[in-house]
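Reading through the structure tokens given below for one structure.
Should a chain be cited, it is by its letter among A, B, C and D, assigned in written order, with residues numbered from 1 in that chain.
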Amino acid sequence: MTKTYTSEEAEALIHSHDPEHPANLICDLCQGFYKLGWVTGTGGGISIRDKDLVYLAPSGVQKERIKPEHIFVLPIAQSSVPKPGSKRDFIRIPKKEGLKESQCTPLFWNAFTMRNAGACIHTHSQHAVLLTLLLPRETPSFRISHQEMIKGVRIGGTGKALHYYDTLQVPIIENTAVEEDLTEGMAEAMAKYPDAPAILVRRHGVYVWGNTWEQAKTQAECLDYLFEIACKMLQNKIPLEGFE
Amino acid sequence: MTKTYTSEEAEALIHSHDPEHPANLICDLCQGFYKLGWVTGTGGGISIRDKDLVYLAPSGVQKERIKPEHIFVLPIAQSSVPKPGSKRDFIRIPKKEGLKESQCTPLFWNAFTMRNAGACIHTHSQHAVLLTLLLPRETPSFRISHQEMIKGVRIGGTGKALHYYDTLQVPIIENTAVEEDLTEGMAEAMAKYPDAPAILVRRHGVYVWGNTWEQAKTQAECLDYLFEIACKMLQNKIPLEGFE
Amino acid sequence: MTKTYTSEEAEALIHSHDPEHPANLICDLCQGFYKLGWVTGTGGGISIRDKDLVYLAPSGVQKERIKPEHIFVLPIAQSSVPKPGSKRDFIRIPKKEGLKESQCTPLFWNAFTMRNAGACIHTHSQHAVLLTLLLPRETPSFRISHQEMIKGVRIGGTGKALHYYDTLQVPIIENTAVEEDLTEGMAEAMAKYPDAPAILVRRHGVYVWGNTWEQAKTQAECLDYLFEIACKMLQNKIPLEGFE
Amino acid sequence: MTKTYTSEEAEALIHSHDPEHPANLICDLCQGFYKLGWVTGTGGGISIRDKDLVYLAPSGVQKERIKPEHIFVLPIAQSSVPKPGSKRDFIRIPKKEGLKESQCTPLFWNAFTMRNAGACIHTHSQHAVLLTLLLPRETPSFRISHQEMIKGVRIGGTGKALHYYDTLQVPIIENTAVEEDLTEGMAEAMAKYPDAPAILVRRHGVYVWGNTWEQAKTQAECLDYLFEIACKMLQNKIPLEGFE
């Protein structure tokens, strides 16, 4: 029962003077993520859900230079997981020629439908990728405990905050040739690890979500911090958990 | 003997065109600390004391996006150490729903009451945390000598400047599940090490203070520099002190 | 058959309010490259081709402080590879005394003439230089596979995008005393490795090109990311290819 | 025969709308140096000479927050090397109470008088300090060859540019308890190594100079780059010179 939008109404969805409007936020946040090294070379991005609408950046563009007029809008109530390029109920497609919605669309949808998330962030952070390389090859998940920054992460990404003595666990799935082919593997890992606040993709990056864009962003920062300190600990042979 | 403020007077406390007013400074400095990686993911922050008033950021928010209207104001003359959420004499509580004062409040108070500090900074810097992990497990304090940057640090944080040949000593306390539970351990360490300009918290971060916000900030920078160079020295098996 | 420009027409070539005009873009992009550590100390830069005109920065100046009036304009249709300081058909030479066109001019020309590139970037990134030092001395090229960021690079720099399972190969040539003496070595490597999207220069940096400035920049970012992760992998004894 | 300035004339020396006026440049450059990590915690800075006048920042202040009104002006023609706090011919002393001229004043003077430099930069860069710690304890100088960035450095700091095959040599002197006590050691090293473009101070930082502020800055960047790559080479057991 998605509302039907006229083209004027659809266009109006991405024009706002409010800096916290999703179309403005995506542009602003992507600039910040670029400075953090998370979305260099067109990789990564953020999708924000506002009630029954989902706002998405285009695929394959410089994320730090996106403008609101480049933003795609989709209804959250798709009949199935939306695949990039497939026929679906777009509410707004940018007029600029050749733009396609982010390849991450079906992966963002996992967070929206399986965790009822309000936002989902994908980064190619070197800390995430190096961590998946430093951990032994068979390791199914990253586990760490006894780090203050664990307290900034929520159970399942959208539940209660973890405690200092809790063990944070983030599953690691294998990368695939095409980004949308990660969809199923990510969904399986989310089902198998209901408390996981994120999914690491080996040799690729991480997906993090939260109830709101603020929680998705601060959790992405806490997790990236933990990936970074974990890489340093592994390189210095300091155990990641089981401390004391 | 705290002055009683009308709600208009309390509200006026955080509105100023002076960029060096505490409510403006906290916002400005937190943006800088974010770029340094000190307050990522809502962690860390700064509290500034102006005569008998203390200005504080909220808990659990993005520190680089704080605005003056989010700032809490408390009287310095609390009857006891203020614990977050406890009943106390707030002068100003931000109107935005759900904001609570920083969890670090009682720790900042240690610096104000035990050292008569004018400002206290808390960071989650990776250099601080990695240092507490690289030092042998039993090490009660970080010690370093023969570094130019030691001269930027003051005895006890608020006394005379250290000299190049002095040994800087910063106690390391164990982290606790709840931030306010660090209060006593930090106070004990400050009593035991009266010359220490800061307290490191293992697997968590550091508390640094100074007579003014400028001194607190420049000392936090000097200490963070020393934590960083010390990590590199330890990783390269270069002794931190006892040089020559 | 290059068009003949009056001095007014030549001067007009670099004045535009369009932020995406080549003369404005070079200045803007060089500021970004400075922040990335790619063009520190006057090194590196970018040349953009717009139809039959090539825009170039001066040699030996602070790249992050270039202004449009410092930009050189040359016709792409030089009778031979233009060498810095040689007599050639300049369309516009900046009026500021002592400015010479970038020493990289003939190297940029390789990308324009051999790959029909629309832009070429040269960086002194530490990741590129360290990589050429960490690889065994005889290694003729850098090879890496199974990294998501490989998908951001195109075959030969201007062809189709590489896939995740493809092996990226970037030849490494030896540095020379004078930058223009690299011209022949770079051309030979480009001829020998037609699929290579870039040329590494040992103890010096990298040349990267693309169909457009956007593709040149995003490929330079993807490659720099891969150089960085490869350095970390080599330092941690993780193989760069042949995974699984 | 220094000109005598009225207080109005002296005050006018630091007020200019020209962004390249020394008083404006010092503020601008120090902000950039702060972002590079060169002048954190009040350390480091830059002095610029304009004909017979020398412009200096104050001592012990946040270098990224200096304003033109804080700048000291001295005549270059001091009867002896000026020592901080000593009686001397100031042309302009900032009115703000408690400001003293940079502790580096006599060290900057070495560059002005012994090399006829137009500007001198002092940094506490971690790359410089770590390098002095990684090199064997007795090493009197840092030597490196076969690096492209060597070409950005001039013989003696103010002469002709070095070539790729030249060996760059930067003497390392021992640190002293008081900064001005470095004056003599620095002068001796400059006399002993007339071709050196800079002086490293063990466990402290580096002094770099040039004919102009542009040359001092770009040489400081090239040298810092070389210090950084040298640290990485030493940590990976790659020889710094004698290559091939």
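Everything that follows uses one rule, which is that contacts are C-beta pairs under 8 Å (C-beta built on N, C-alpha and C of every residue); 3 or more make two chains touch, one makes a residue touch a chain.
Chain identities (UniProt): A, B, C, D = Methylthioribulose-1-phosphate dehydratase.
Keep in mind it's a predicted model, so treat the numbers as computed, not measured.
In terms of the stated touch criterion, chain A and chain C have no partners in common. Interface note: chain C and chain D, two copies of one sequence, contact each other through mostly non-matching residue numbers (shared numbers fall below half of all numbers used). In the Cα superposition of chain A onto chain B, the rotation angle, rounded to steps of 5, is 90 degrees.
Between the Cα centres of chain C and chain D there is a gap of 32 Å. Per-chain Cα centroids separate chain B from chain C by 45 Å. Shown for chain A are the residues in touch with two or more other chains, of which there are none.
Chain pairs that touch one another: A-B, A-C, B-D, C-D.
Contacts from chain A toward chain B in the complex involve residues 146-149, 152, 163-165, 214, 217-219, 221-222, 224-225, 228-229, 232-233, 236, 238, 243. Remark: chain A residues 40-43, 61-62, 124, 126, 129-130, 133-134, 175-177, 201, 203-205, 235 touch chain C in the complex.
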